[in-house]
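Below, subunit A partners subunit B and then partners subunit C, in two separate complexes.
This part shows the complex of A and B:
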């Protein structure tokens, strides 16, 4: 069963009641919410995602709701609950859907230590993963959104999960978070992309989510082999240029963007060395998404 | 003054084309070392009883006269001081 098998009304009732058990890659999250923005967001962004049976195991029990204190009358807010706890301060009510997305990311990065987890977008072509490890503001989500609208498969725009046992990159394809100017950039670049309403004045500025392409959702359990580690840097007006980066520096970039690598200790380091050994490492400057797509298509074709 | 690297089992490393990445289990940190620092660490780890700046400086040059060069020993001392800051080596104060 997928979310779209439920009518909007049924989805609303489910989310207000027992919730839906939403599968995103290897993770099942039970989601409950009565908030209209969350229902709309799930209906738009998760329509094609599989759901699990009620009562089946869920990794995380998540609820986005309104506080019961007086602030709800004065300044409407949303709380993110996971397993009955409140890991974050509340946010303005209109940020409820982005809050769900950020909260789901946090659930994975803070708990799924069976994987090595890195802050970075990851896409796939011909079975090989292109990892874009980078801090916010580097243009990685924009580049990721551009590539998945030009034939690359989305594995994640935010969290790169690497399975230590199989040395493969595990998909966690969820909506792509677009910020500020990149919202209009992607609207113009991919007019067919489903992009939800922009939410303004968040901690990250204006945020809008782009629905993951259908193919990425359908192939949500298909892992990818190590391919490339690329440090993106958007710079208006520059020609796309891919510059080789040493493997040592590629590893350091991964380590600097890791959530839980040091928690794996020496084993994590030794694994990361093996992983980087199998990747090409590059820096990439770009000013135009179409050019960027052509560069990465050539890179994939040479592999 | 003798310098000692942290115990062998606290460090894991890998060299690619002269650049070394080293993981320090005691701190959980990973560091990128250039060619000289990588070689100093390798020699320090191999020196069971530790090594002085002068020994390291002499051992790292093929020309014995360069081992006494003040600039060269200062460069090695700087590497060791950086190791101390990163928790990769410590002066033996005993």
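This part shows the complex of A and C:
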């Protein structure tokens, strides 16, 4: 079953009641919410995602709701609950859907230590993963959104999950979070992309989510082999340029953007050395998405 | 004794071999509850030792493996910290008694296996406190509470320095000079604890409390702690210590005697009561009888039973509005009540309340 098998009324009803058990890659989250913005967001972004039966195993129980105090009338807020806990401070009510997205990311990065987890977007072509490890503001989400609208498969725009045993990148395809100017850039670049309403004045500025392409959702369990590690840097007006990077620096970039690398200790280090060895490592400056797409197509064709 | 509340987590801790028969939905509840109570890694460890991990369905097994990764990382971090501590304090003439998790780990006790660690706790003689603090500061530890009131709270009334944090590794160290606050009603004498403490193998001046004292400290910690969210983990520690030391000759006879000597008869009574109530810890009837001297009036026991039954129960999202948060709050107030005389407590809670408003106003 997929989310779209439910009518909007049924979805609303389920979310207000027992919740839906939504599968995103290896993770099943039971989601509950009565907030209209969350129902709309799930209906738009997760329509094609599989839902699991009630008897299945849900990794996390999450709920976005309103706190029960006077603030609900003065300055309405949204709370994110996971397994009954509140890991974050509440946010203004209109940020309820972005909050669900951030919360779902947090669930994975704070708990799924069976993987090595890196902060970075990851896309795939011909079975090989292109990892864009980067701090916020480097343009990785924009580049990721651009590439998935030009034939690359989305694995994740935020969390790169690497399975140590199989040395593969595990997909967690969810909506791509676009910030500020990127929202209009992607609207112009990919007029067919489904982009939700922008929410303003969040901690990250204005945020809008782009629906993951159908193919990425359908192939949500298909892992990818190590391919490339590329550090993107957006700079207005520059020509796209890919510069080789030493493996050692590639490794350090991954380590700098890791969530739980240190928890894996020596085994994590030794594994990451082997992993990076199998990847091409580059720095990438770009000013135009179309041009960037062409560079990465060439890179993939050369492999 | 009233019926033991059926808790998924305590059943799993006691009889991990039964978990292989669990349905996926039972696993879901167990993983979520054990994760909240910080004992998932201990359950995973037991399953691993029984070679049953591979018989757990893949979805819950992933969580068990993730918990083991974290527990292993914390174990290594505590081992490193203890080595750094020895180095930092090598130059001064002081015996260092490790407490709680770090003690279980370095002494090689089963209570450390699969345990989650948060910080390192040590006990040093009061007379050496200033010297120890200075040496630690020289090696990169700094105080976490800059506020003058907090400094006074710790230094004048508590049994420990304000927590120290290492400025590079960001690890937290609690330096105690007693196991209960100076203001608490019970007054276990630290010099007795030091006198009975034991060296650990070849670890120089590192020591641990003797078995009876270690158990009494664990019981005291559980029943004077204001944070019951770690209650099940603490209870699992106590259970493991009692089972381990219970096979040593003279341990069960020594325990109530030592409790009387240290003014800890009440915590021992509650410790034994709740370890056997929740964890099925076997306690010889003779020891139980002798520990009864610490028993409070019947009504107080009833009330405590009710509070602990509630507080140790995990708050499922479906339980919103249940009594569990209220029970935890009642036990928080009780913990403070035990730690300070009434007037001082009123003053302390007043300062904290005013400060909260200050923070909110900002």
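Here is the rule we use: the second predicted complex is superposed on the first by the 302 of 303 C-alpha atoms of A that agree within 3 Å, B and C clash if a C-alpha of one lies under 4 Å from a C-alpha of the other, contacts with A are read in each partner's own complex, and residues count from 1 in each chain.
Here, a residue touches a chain if its C-beta (ideal position, glycine included) is under 8 Å from a C-beta of that chain, and two chains touch if they have at least 3 such contacts.
All values reported here derive from a predicted model rather than from experimental measurement.
Aligning the shared subunit A places subunit B and subunit C next to each other free of steric conflict. By the touch criterion defined above, A:303 lies against neither subunit B nor subunit C after alignment on the C-alpha atoms of chain A. Of the two partner chains, neither subunit B nor subunit C is touched by A:181.
Once chain A of one complex is fitted onto chain A of the other, the partner contacts of A:63 are limited to subunit C, with no touch recorded for subunit B. Looking at the shared chain after the overlay, A:238 reaches neither subunit B nor subunit C. Between the Cα centres of subunit B and subunit C, as seen from that of subunit A, there is an angle of 60°, stated in steps of 10. By the document's definition of touching, of the two partners only subunit C reaches A:84; subunit B does not. Between subunit B and subunit C, C contacts the larger number of subunit A residues.
Using the contact criterion defined above for the overlaid structures, shared-chain residue A:265 touches subunit B and also reaches subunit C.
When the two complexes are laid on top of each other via chain A, the two nearest Cα atoms from subunit B and subunit C are 6 angstrom apart. Counting contacts as defined above, subunit A residues 262-263, 265 meet subunit B in one complex and subunit C in the other. Within the complex, the subunit A residues that touch subunit C are 26, 28, 32, 55-59, 61, 63, 81, 83-85, 111-114, 260, 262-265.
Interface of subunit C with subunit A (complex): residues 23-25, 27-28, 32, 35-36, 57, 59-60, 62-63, 65-67, 69-70, 72-73, 76, 314-317, 319-320.
Contact residues on subunit B toward subunit A in their complex (touch as defined above): 12, 14-17, 19-21, 23, 25, 28-30, 32.
Every residue of subunit A that touches subunit B in the complex is listed here, in rising order: 246-249, 251-252, 255, 261-263, 265-266, 269-270, 273.
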